[in-house]
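Input: structures, listed below.
Below, chain A partners chain B and then partners chain C, in two separate complexes.
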Partner chain A sequence: MTRQKRSHHKLKRAVAPYLYLSPSLIIIGLLMLLPMATVIAYSFQNSAVLRRDPSFAGLKHYQAIFADPVFWASLWHTLYFTCMSVVFHMTIGMVFALMLNSDRINPILRNVLRVLYILPWLFTAVIIAVIWRLLLEPNGVVNSILMQLGIIGSKVEWFSSPQTALHAVTFANIWAGYPLFMVSLLAGLQGIPKDFYEAADIDGAKAYQKLFFITIPQLMPIIISISLLDFIWTMQVFPLIWITTGGGPIYSTEVLSTYTYKLAFSSYNLSQASASAVVILLISLGLTLFYIRYQRAR
Partner chain B sequence: MTFRLKPAVLKMAAAAWLLGATSAMAADTTLEFTQWWEPELPAGSLRAIMNDFEAANPGIKVTLVSGPYATTRDQISVGAATGTLSDVVGLDGAWVNNLNAQGALADMNPLMDASKFDKAQVADIIKVDGKAVMFPVASFVYPVFVNLDLAAQAGVTKLPSTRAEFLDAAKKMTHADKNQYGWVLPLSLQSPGGVQNDLMSWVWASGQSMMANGKPDLEGKPVVDMLTFVKSLNDAGTISPGIATKTEQEKVEEFVNNRVGMMIDSLAHVNLIRKRNPNLKFDLIPVPVVDNYTGKRGLPYASWGIGISASSKHQEEAWKLVQYLMSEKVNAKLVSLANAFPGNVNAKPDFVTSDKAFGKAFEIFKTGYLANEFTGLPVAEDLMTQFDVQAQKMLAGEQTPEAAAAAAQKGWMAKF
Partner chain C sequence: MAEVVLENICKTYGNNFRAIDQLNLSVEDGEFLILVGPSGCGKSTALRMIAGLEDITSGSLRIGGVDVVDMPPKDRDIAMVFQSYALYPHMTVFENIAFSMRLAGKPKAERKKRVDEIAKTLQLTSLLDSKPANLSGGQRQRVAMGRAMVREPAAFLMDEPLSNLDAKLRVQMRAEITSLQKQLGVTTIYVTHDQIEAMTMGDRVAVLKGGVLQQVDTPKRLYESPVNAFVAGFIGSPSMNLFEATLKGDDLTSAAFAIRLQDAAFVRRPGLRSYAGRKVVFGIRPEDLYDSSLESGRKYQTIPAKVTSIEELGSEQIVHLNIDAVRVDSGDPDAVDDFGLASNAVARFEPISAVRAGSEIRLAVDDAKFHFFDPETHLAI
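Let's look at the complex of A and B:
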């Protein structure tokens, strides 16, 4: 083989993997990287999208949103909404998964519960929002039951009162999202070897000791992975909040997604909306990197 | 022989091509007309009107680009930015300021002058910076709907004409223990249209304004008085609960289900209300006015507006289409199909004679004037959102009407 032929062969070998990857790379580039780069570029322009000749704005739009108290309120609400959702998704998911994995429950009842518990996952965000709006409206079922039980004395405006609105939307999101944890943890529970529990029984371990020293440590990789994913997804929830409260009353349920939407489609300030979207992107990116590092470490 | 025929064939082909090309050049100008009206009208009816226009204007063809309201809005915004806006566009008054700032809308003044268009025949011409940018083709007015059964049960024999009478009637109709309230106020931030339809309509009804010299005047007496009045309705417990998240659709549902005695709503909902509750007895009255006011009443409205793209290469043809839709007969036909009131003051839709409720509303329309000061304002929806938040704070007891007006004024001035 001549030197020229050898180098040609080498080049072909080096290029081949990229050629195989090229369809995916092109799709990722067009559908993910290009829109992201465009939004980042818009965040540095004046009158982005709305003008054919937008001028360079530097960091002006970032300064504007950081100076806006509603942005900081939105950030706080997003964190509250996300953290509470993830914690309760995990807790409820764990309790239900343990219940469905328990031999002490009748198998028929267990199958019925399995279907019932997974139901919220089957509804779209819009349906969930409509259901909870109807249930929690001042003349709705929840107020009626609570009043009959004597828990509340008068009708509570769950979504319309600044004091209760954020808790109400968080509650609706908790209800909608726990099945992801439940299903993942149930799969994890079924993978824990029975030997561990038998050995613990021989050692005289109590139920809570088995939970804290066998079950939870064994499920920890799943708990951390799903928690991180849930955190990223919940942070970006939009339709549920938009349909139930629209970010109100008085900004009390304004989160980063509704704040960005209003900037874009209510104020038509697409440059500031892009800056806000980039902030969300950076927060999500930080969490994603954390997730990738954790996955690599495993 | 073949050889001899070839040049003849080529000559014939060239002649045919030339003929085709010249006839194509001389013939059709195709206008693109983007709007959200077609899906809201009976199937095929807007196309039929366009066919009539094409028959009356040989050489002009119209392509309808139709979609839902929100999609059309986005499409028009992007079209304005990229210079690809359709020749003729359906417009909402809330969009025109932004579109004008982008230089996307043509000034129709020169077109009107050139064609000696009679301006007196149109109900309104929306102007921004002196440019005539939009005509309301069809208007959906917002009177007060009164549930006659609830009114009778409450002993309200004379339907309210002033704010004081309205407050009195609302108090009488309210029975919170039975989930029954006098009035309903939707102030959801998801869709802040309640600010123009259910709040500012009180100001315009009395011939007043939220503006002064082209700038917001929210701290002026009209707006503060309106907020004080709404607060008094709220303090009296006459407003159905859930104000801050209530949408227009829920407002209508509560009225349909006999849970509220009165609501300000679009006339476009009359048929929907009848369909949802055929037994409901209701009447329409103009929005009540401040005591002792005897002038003409402003009638809040939403409209299907029309304008011409500044980048259109066929502005004369586009103007012909606008003129056609604004003409007496065609306008009457279009608004009859839409259950709306006409943009041409001489047009009379057929439903006003065949339907008692519409007939009464038409009388209200004829004796008043169309009023919606958000039309033509910059980022109108954002202004409504800002006012909405301050009104919510006031109704939650966090601030006075004066403070709400001052805070909204400050926010609005930043946008002007």
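Let's look at the complex of A and C:
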């Protein structure tokens, strides 16, 4: 092979991977990076989108949203909604995964439970919102059962009362999201060598000791990965809240996503909405970086 | 330390598969007993039943005089070393060794003292803070031993603990485990499918086949006096050569040879006379077949054979041969590997032997080294 041919071959080998990657890179650039950059630019402009030649506004819109008590309420609601969702997704997912992995349960029943437990995952957010709106209606099934059991004395307006709306919407989201944890943890449980438990049996470990000394440490990489991903995804949940409560009543279920949406499409304050969106982006980015770092450390 | 006694132990699974059939075995206090057999013979099942990890369908099991059939594993006063070592990857070497003490609620100082002692014995002191992933195979093996030792059990149970190691390390660890067992004097039951481990490590060896105990004896007696063709074929590497022949008077004959048996052969085996005029299985170990061109001094009888291939090992030559006689299968699935496609016998020749592949030679045989088995039952005559 001549020298020229060799260098041509080398160049081809160097460029080839980028050529293969280019379609996805172009799509990501056009559909994600460009809109993201545009939103960041809008957040520093006056009357973004609405005017042809918007002026530079500096940090004005950020100052405005940080001065808005509804923003802080939204942030707090977002954190409550997200943290509660992640903790309960994990707890319920773990309990169900342990049940499905247990050989003390009849295999046929286990298969039935496997299908039942995974059902929430089959529904889209809109269906879930509609189901829970119907179930939690003042004249709905939940109130009727709770009243019959004597747990509540009168009908509760779960989604319409500021005292219960955030809890109700969080509950609906917990119900909708645990199967991801359940499936992932079940896969993890099935990967734990049986020898570990047998060795622990010989050493005299009780069931709870096996759970805390073997099962949970063995599942920890999955627990951390899925929790971080769930945190990132739950922070951005919009349709469930929008359809069940719309952020109300009196901002009691307002989260960052609904707050931003309202700024953009109710108040038509697209610049301020962009600033709020950038705040969500920064929080998500922080978590994502943490996630990537954790994955690398593994 | 304790005696382990198995009486009429049976294990039958739900599909009526009998993994262990009427196993009777008595392991003396401080004895190193090896359970050996081919894959699927039930040796690991037997060990797991002793450990309490498998239910015993019927029979009695006593450890230190106590009937433990209905006892959970933790109350049986045994420690087990698993094939995979079962070391917890998220725990350090120290935590792995101290795990049973931690479960038992032993104080930290006591745990440290005991683990330090064991680490010193096993030369693990510098590795106590390491995780299993950072250890070599041999070190992991020692940690698994340490974890078993920390409990000071009445008996050690070991399930093929060396099978994950490479050949060289296995030889080293074989010696280490043997000397450790002698040092500790703890009753040990060791499962392996490797008959070299069985022969080199144990005080006695129990050979299992299809869930049935074939023979329990010292390695030397197993080798010299196998009770049946299976044990004869299983113990020894390469396997014993087994052929069908007919006993005509004092002559052992096949299509290609007639070997005159000395009187001593009949004196040692009075039953052999009753096979006169009948077929018999005779066995001869590879090291008892000689290159006749090197045996001019000794007056051995010879039989013709064709050399099919030669494995030069430096210290010896493994010579694959074809003898014009019907080879008998010992029933050991692993023994098949010892014979090449075109050969039905294996001999161990001295390195100075000049035989070549493809050549016709005469094999010198010492009929005093023959083993005889019944052609139907395969039991030793």
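Please note the rule applied: the second predicted complex is superposed on the first by the 278 of 298 C-alpha atoms of A that agree within 3 Å, B and C clash if a C-alpha of one lies under 4 Å from a C-alpha of the other, contacts with A are read in each partner's own complex, and residues count from 1 in each chain.
Heads up, the rule we're going with is that contacts are C-beta pairs under 8 Å (C-beta built on N, C-alpha and C of every residue); 3 or more make two chains touch, one makes a residue touch a chain.
Quick caveat, the model's predicted, so the values are computed rather than measured.
Q: Clash or fit: how do chain B and chain C relate after the overlay on chain A?
A: Result for chain B and chain C: fit.
Q: Which partner does A:Gln218 contact after superposing on A: first (chain B), second (chain C), both, neither?
A: A:Gln218 contacts chain C only, not chain B.
Q: Please indicate which partner A:Pro193 is in contact with in the superposed arrangement: first for chain B, second for chain C, both, or neither.
A: second
Q: Nearest 10 degrees is fine: what angle do the Cα centroids of chain B and chain C make about that of chain A?
A: Between the chain B and chain C centres, as viewed from chain A, the angle is 150 degrees.
Q: Look at A:Pro162 in the shared chain and tell me whether it touches chain B only, chain C only, both, or neither; answer first, second, both or neither.
A: A:Pro162 sits against chain B, while chain C stays out of touch.
Q: For the three-chain arrangement built by superposition, which of chain B and chain C touches the greater number of chain A residues?
A: It is B that touches the greater number of chain A residues.
Q: With the two structures laid over each other on chain A, which partner does A:Thr245 touch: chain B (first), chain C (second), both, or neither?
A: A:Thr245 sits against chain B, while chain C stays out of touch.
Q: Figure out whether A:Ser267 sits in contact with chain B (first) or chain C (second), or with both, or with neither.
A: first
Q: Which partner does A:Gln209 contact after superposing on A: first (chain B), second (chain C), both, neither?
A: second
Q: After lining up the shared chain so the two structures overlap, which partner does A:Arg52 touch, if you call chain B first and chain C second: first, second, both or neither?
A: first
Q: How far apart, in Å, are the nearest Cα atoms of chain B and chain C after the overlay?
A: Superposition on chain A places chain B and chain C at a least C-alpha distance of 50 Å.
Q: Once the two structures are fitted together, what part of chain A is touched by chain B and by chain C alike?
A: No residue of chain A touches both chain B and chain C.
Q: Mind pulling up the chain A residues that touch chain C in the complex?
A: Per the touch definition, chain A meets chain C at residues 193, 195-196, 198-206, 209, 213-214, 217-218, 220.
Q: Which of the residues in chain B come into contact with chain A in the complex?
A: Going by the criterion above, the answer is residues 77-78, 80-83, 98, 102, 179, 188-192, 241-246, 259, 379, 381-382, 385, 388-389, 392-393, 396, 398.
Q: Help me check something: in the complex, which residues belonging to chain C touch chain A?
A: 51-53, 72-74, 78-80, 82-84, 86, 88-91, 99-100, 103-104, 147, 151
Q: Name, in rising order, each residue of chain A that touches chain B in their complex.
A: Interface residues on chain A, with respect to chain B: 49-52, 133, 137-139, 155, 157, 159-162, 165, 242-251, 262, 265-268.
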